[in-house]
Amino acid sequence: MAKIRRIHLKQKKYIPLPGSSPGAIQLFEGALPPKITVYAYDSSEYYCDELNSIDELDEHLKKRPELTHWIDIRGLGDLSLYDYIEKEFNIHKLVLEDIANIQQRPKLDEYDDYLYAVSRMLYVDTGLEIENEQVSFILFPKILISFQENYIQKFEPVIYRLKSGKGNIRSGGSSYMLYSLKDVIIDDYFTLIYKLGDELETIEELLYRKPDKSLMYQTQSIKRAMIMIRRTAWPERDKVNDMIRSESKLITKHTRTFLKDTYDHCMEVIDLVESYKDVTTSLIDMNLSFISNRMNEIMKVLTIISSIFIPLTFIAGVYGMNFAYQDPQTGKMLENNMPELYSENGYVYTMAVMVLIALVQMIYFWRKGWLSNK
Amino acid sequence: MAKIRRIHLKQKKYIPLPGSSPGAIQLFEGALPPKITVYAYDSSEYYCDELNSIDELDEHLKKRPELTHWIDIRGLGDLSLYDYIEKEFNIHKLVLEDIANIQQRPKLDEYDDYLYAVSRMLYVDTGLEIENEQVSFILFPKILISFQENYIQKFEPVIYRLKSGKGNIRSGGSSYMLYSLKDVIIDDYFTLIYKLGDELETIEELLYRKPDKSLMYQTQSIKRAMIMIRRTAWPERDKVNDMIRSESKLITKHTRTFLKDTYDHCMEVIDLVESYKDVTTSLIDMNLSFISNRMNEIMKVLTIISSIFIPLTFIAGVYGMNFAYQDPQTGKMLENNMPELYSENGYVYTMAVMVLIALVQMIYFWRKGWLSNK
Amino acid sequence: MAKIRRIHLKQKKYIPLPGSSPGAIQLFEGALPPKITVYAYDSSEYYCDELNSIDELDEHLKKRPELTHWIDIRGLGDLSLYDYIEKEFNIHKLVLEDIANIQQRPKLDEYDDYLYAVSRMLYVDTGLEIENEQVSFILFPKILISFQENYIQKFEPVIYRLKSGKGNIRSGGSSYMLYSLKDVIIDDYFTLIYKLGDELETIEELLYRKPDKSLMYQTQSIKRAMIMIRRTAWPERDKVNDMIRSESKLITKHTRTFLKDTYDHCMEVIDLVESYKDVTTSLIDMNLSFISNRMNEIMKVLTIISSIFIPLTFIAGVYGMNFAYQDPQTGKMLENNMPELYSENGYVYTMAVMVLIALVQMIYFWRKGWLSNK
Amino acid sequence: MAKIRRIHLKQKKYIPLPGSSPGAIQLFEGALPPKITVYAYDSSEYYCDELNSIDELDEHLKKRPELTHWIDIRGLGDLSLYDYIEKEFNIHKLVLEDIANIQQRPKLDEYDDYLYAVSRMLYVDTGLEIENEQVSFILFPKILISFQENYIQKFEPVIYRLKSGKGNIRSGGSSYMLYSLKDVIIDDYFTLIYKLGDELETIEELLYRKPDKSLMYQTQSIKRAMIMIRRTAWPERDKVNDMIRSESKLITKHTRTFLKDTYDHCMEVIDLVESYKDVTTSLIDMNLSFISNRMNEIMKVLTIISSIFIPLTFIAGVYGMNFAYQDPQTGKMLENNMPELYSENGYVYTMAVMVLIALVQMIYFWRKGWLSNK
Amino acid sequence: MAKIRRIHLKQKKYIPLPGSSPGAIQLFEGALPPKITVYAYDSSEYYCDELNSIDELDEHLKKRPELTHWIDIRGLGDLSLYDYIEKEFNIHKLVLEDIANIQQRPKLDEYDDYLYAVSRMLYVDTGLEIENEQVSFILFPKILISFQENYIQKFEPVIYRLKSGKGNIRSGGSSYMLYSLKDVIIDDYFTLIYKLGDELETIEELLYRKPDKSLMYQTQSIKRAMIMIRRTAWPERDKVNDMIRSESKLITKHTRTFLKDTYDHCMEVIDLVESYKDVTTSLIDMNLSFISNRMNEIMKVLTIISSIFIPLTFIAGVYGMNFAYQDPQTGKMLENNMPELYSENGYVYTMAVMVLIALVQMIYFWRKGWLSNK
């Protein structure tokens, strides 16, 4: 169990209080105070500002209204944030509840003025736990707001491209930004799957050499991770498809073309997961048959040793019997009692018979193939 | 079996008498006499009255006809109740039969003037049994009637919000009330699933330490509970969807928006159940392989001990044989008979050979990895 | 195997002769001569007549043409019956072939003037065999003809209601009669499923106490019965649905409302079967793990006894060796040969060592948990 | 393995040469020279002629152009046949390729003037091999051409009816003939399935009495045959459905009515196969558990015998030890050394103790239920 | 493991860098420099030229603009290739990225002027590894460009037909060429499947004779290959279907007819794979039961030998006990101590009893069927 470092699922349960008023925001335990960064850009300009508080947002947006804005909010633990968002952008209460309730499945809700999307980010954190983080997006014609649970910035590649002005990112508008972020998220799925796939290969090798209880445990753990990835990728795929087919004007035709690519990636993720799930099933089957094989090996050793020596021990036992040769009281000779013991080569003959028995058995076992190493 | 308290399904069978006239009401065994509470409210007013008998209902409804009414009926064991409902509200006989027959799947039947819905409430009762209770609703424009089997009031959070006037509950009308009650029911599914999930985790840990017959039994029991939850959540989801898409004027547009949320919750329930079902399957697989592993361990102990000592016992047996050194009758020396017994260090050499054999075997087993603890 | 009375499927194979002319009627082996009963009724009148031969039918129908008629034919073994039906009612040859060929799946064929439906009746007969009987219906505007294989009258409850005039049965017309009969058939499915379910519970209990070959056999037998019920209920459900949606004027709107109820019952049957099938699968899994558990138990007994006594026997064997203390020929003392035998407390010490070894092993096994009863 | 005659699949692989020109006809190995029979008939006339060569066909068709013709070609091994068919009837190259390539799935291709259908004939040949033969049909308004691989005439019943003029066969035209032949083919599926089903029952019985490696092998073989039948029946069903719904004028309305019957038969085939497949799965499960049961039995014998006698042997061993009662050198009495050996009834007491131990163990095993025969 | 040469999957992982700009071309590791061959042809003319560099392409295309061109590019490791293609043919960036990213699923993207298709070529390379190579196609009205990873020319049969002018290939235009190449690819699937199928048969035979760990391993390996083929054939089938139904004018009606044939082939591939997958599952099941059977055999040997000899050894042990016949100190006769030892035929009787016990046991085992070879 020590040899392989084990990637495992992080258990995070968010149990809604039964009957709490719908639309009421409930912060989850351990929610972090929000960090807000505003990126404003177009083809020629690019600004990046960290806000001290959500209240500065309005001012920022008004400063350069002609630019596209990406408001990157990491940390969901402040009720005033939701209030501000609700009032400033006129967001439905259910959307805000969903942002705070970090157990949403990937979804896409279209409202009159904006579009609400949820994706799930999957990555292995430093403790080898698989983090399953909710990322919410609110898309306006020129503004994209993204919400993440943790401070870890997984969107660095996008920020880098934004900064350097490479590719379409600056000219694509807010919907292209949404696509770019989703693309990063999906690409991370591959990274995770291949990491898990590598573990599976290591396990398979170890298993072939020596079946082991903890290998089984790990295989199951990876299988569960695979199930979780599939559970995430399926609705993600559906939602990307919904975005492609949506009639919303918020998503440009240019972005739609690229979203098809994302859709294909989702399909690949599901495909890969399915085939790796098959691999785990195979490993579990193999494990059972390998354990049975080992049992066979153990039993063969026991059977060979016992079968050879038990009859021999019996013979030795026979000639260890004390049947009297002479009646101790009358002194009468009892000639039928173990005369072999008094023949000149009785011992030699007996040993010869024993060797013979052992040999016959060895030949029997050899012909059955029980003496070969496998 | 004593350590884990075991949540299990309550078995409740309602066998319709074959051929009984359709629409005929048959009270199930142990049906309780009804307790009736009437809640009348709008944005500004709120009244709550317990009725002594169903006959007082009419009077109550007429007293404040402008208010929204929720008639909460717990206990289904009174035929006069059905008669009254039928006459007072002009309800179809089949609906009344379905209310009394407490084994309905979640359903939604639209009639001209009203809407009949069935949900199933799942919760763990005090005896750790999973109660699967039928809740029926009849929805009129300003009246909602709910029917439950037991007296236990699971709708407390809604009543609390009603009393305190929090949220939309007072202004949403009867369909919003229906939604609110359904929402409580679905939220309870999560509570139940997480409870079962916790048990599964405990079982998994115990299983890894020590596979056990009763753990297996419990896993199966939880699996069956999961199957039952799914069997309930699937049609519930369909029916919620039907409500969203229904053209009935009884369900307001406002309520429909919230029902989408309920729909999402149903999906999450199904998702969760599916993945927990996978976990139970994994546990059963692991159990089988752990049992096989234990068998291997047991057999290894047997094989090691037997393989080492059986040959040694044989050797001891050989030198316990009584081949005579001297013919008792003739006194002739039989020098071939076990001369080892009469060599000066015969015993020492024999013991040395025994130790050697034991050592060789120990090394063999050690190299096979049979001596390691796993 | 003796304890539980075993419900099992009745095997009944009807192999169509390859290439026999389609539409040709082939009586199956053991077909009974038909018994014909004619029920004529409307809201106010009710007559019930047993016919001696099919030829009297025409006369009966003409006597009271304004009444609704249900012609109940039990026993299919008379070719003249088919001839009469064909001519009198102008029925298609394929329909008649299907009535005689008692292996039809539930079906619904709409012809211009009439409607042909097949249901399958499932019940446990006196020999604990599950009877799977075909019931065919031909529906005319005012006449319903039903065909059954056996004489057993399963429609007693309908006849009782017809006689007593309870419910809608007298006023509903021929299509309501068809519904009523189908309703009885479906209700019988529940009876059968619950009987099988009870057996499963008994088996589960016995299995937990003592896994057994015959329990396994029975479980499989019940599983097969469940598969058969599902195989019957699925097309039944489809056909009921077809009846609800059919545009045929033969089925009144009033009947359709009730058929929806039948549809729901079919769904419940399928649901129940699915979950019981899951139970059988669980039982089979549990059985395998219980057998393995028993094996572990057996092996533990063997291992404990063997591991403790084999080394002890070896020690006893050692001190049973006959190494000589004195050379018999020369009389020389061989002091290295088993001096223990001649020490004052050699025996006592040896016994003590044996007890020690036994104790150490007992402790080892106790710590491994092998001594506990499970 | 000797007892049950084993039906098994015939392996026949036809590997298309990669990249061979599409539409090019490749005769398979062992293709037989064609035998051609022409049946010409209408309600009143019937002729049957065997042709010596395909070139005589044209002449035959012209002789009685007003009759319906069924051209029955058995044996596909002559390229000139395809040339003739192509030119005479103006058939697409792909159709001809498909006729020659005997690994087609059931298909239905509609061309402007004709209809091309493929069915697969399944039957057990004399060597107990399941023959999977391709039958191709080309349907013209008044001509049906059928192509089979082998000379075996499976359509005898149709020919008999044709000859005797029974049923609709003479008046139904070419499409009714196509239906009649397909009907024979499907009916043969039932024959095959029931044969396999009978084998399964035999196996189940044998298995219950004595699990066996070869039974397992046979079960798998039957399972594979079932899979093959389903693989054939599914597309057959689809194609029959296509024929029913086809808008082609080649298939008369009269024929369509009968095809619905064929469709139902296909459904029954699939149903039966599914349930027999479940039976094979059950048999495999049962086999595993029966093997484990036998192992339990074997181990119980070993454990009972070993557990009883090993401790007894130990006791015997103890009293076979040679601890000296008197020091041979000093003559000193060593009174602690095995005084039991010198008590008057030592032997009797020892034997009594042994019997007691054996009894206690027997009781223990009896209470565990290990002594009962199962 | 040495006996069967093992076909296995080649592992090739291409992990997209998360967040790399979409449309940016990333060459995979080990990409080969491109080899370009241009085939220009029509019904009467045929030219084949190898280009030294992509820059010569333009010149070639202009030389004979009236001919159909197939540009065959093998090797994808040159960024200038993509630049040239992009500019010369005005290809979308995403298409070029997909060509370079060799892990695409089969796809079909329709653009205004051209059509982009991806297929996957599967074949066993010289090292018995299954190569899974991406082949991309860009289809213009008169030009088809194909892109492959490796230099291996799998399209030889097409080139041969092109050269020799056989079949429709020269007159079919670029879409027929696309079809021809796809046809070769699908045909190769059959070759691969049958190779794997042959291995499975060999494994089955070996397994029946002697279950083995490495056979299991190989079976799993083949199962995984089958899964991979199915994963490839499913989308391929969909895309072929899309091509048939596409409204693009790039694909001629003539080609569509042939594509239906390709579609059928895809279906056959999927069918075959499914049934072979079932075979692998069966093999794994059989393996487990065969291992259990072997265990039974081993245990039977152990049990028979032990059960027979352990009681005998016990008896020998009893008569090897040293209970004294005479008290050594007092000289008193102890007549109860093992008087058998002093009866005249004690030894003979004892041996007779032993033989009897052995015989009884042999008969017992023989009747249980444990002595038969299986």
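Here the chain labels run A, B, C, D and E in written order, and each chain numbers its own residues starting at 1.
We take it that a residue touches a chain if its C-beta (ideal position, glycine included) is under 8 Å from a C-beta of that chain, and two chains touch if they have at least 3 such contacts.
The model shown is predicted, which means the values in this text are computed figures rather than measured ones.
K.L.:
Would you pick out the chains that touch subunit C and also touch subunit E?
P.N.:
D
K.L.:
Would you mind working out whether subunit D and subunit E touch using mostly the same residue numbers, over half shared, or mostly different ones?
P.N.:
different
K.L.:
Where the centres are mean C-alpha positions, what is the separation of subunit B from subunit C, in Å?
P.N.:
Each chain reduced to its C-alpha mean, subunit B and subunit C end up 25 Å apart.
K.L.:
Would you mind pulling out the distance in Å between where the CA atoms of subunit B average out and where those of subunit E do?
P.N.:
40
K.L.:
If I count partner chains per residue in subunit D, which residues reach a count of at least 2?
P.N.:
288, 292, 295, 299, 302, 306, 310, 313, 317, 320-322, 338
K.L.:
Write out the stretch or stretches of subunit C touching subunit D in their complex.
P.N.:
It comes out as residues 13, 15-24, 92, 94, 103-105, 107, 109, 210, 212-214, 216-217, 220, 223-224, 227-228, 231, 284, 287-288, 291-292, 294-295, 298-299, 301-302, 305-306, 309-310, 312-313, 316-317, 319-322, 325-326, 333, 338, 341-348, 350-351.
K.L.:
Using the touch rule from the top, collect the residues of subunit C that touch subunit B in their complex.
P.N.:
So the residues of subunit C touching subunit B come out as 154-158, 160-161, 166-169, 180, 183-184, 187-188, 190-191, 194, 197, 208, 257-258, 260-261, 264, 267-268, 271, 274-275, 278-279, 282, 285-286, 288-290, 292-293, 295-296, 299-300, 302-303, 306-307, 310-311, 313-314, 317-318, 320-324, 327-329, 334, 336-338, 369-370, 374.
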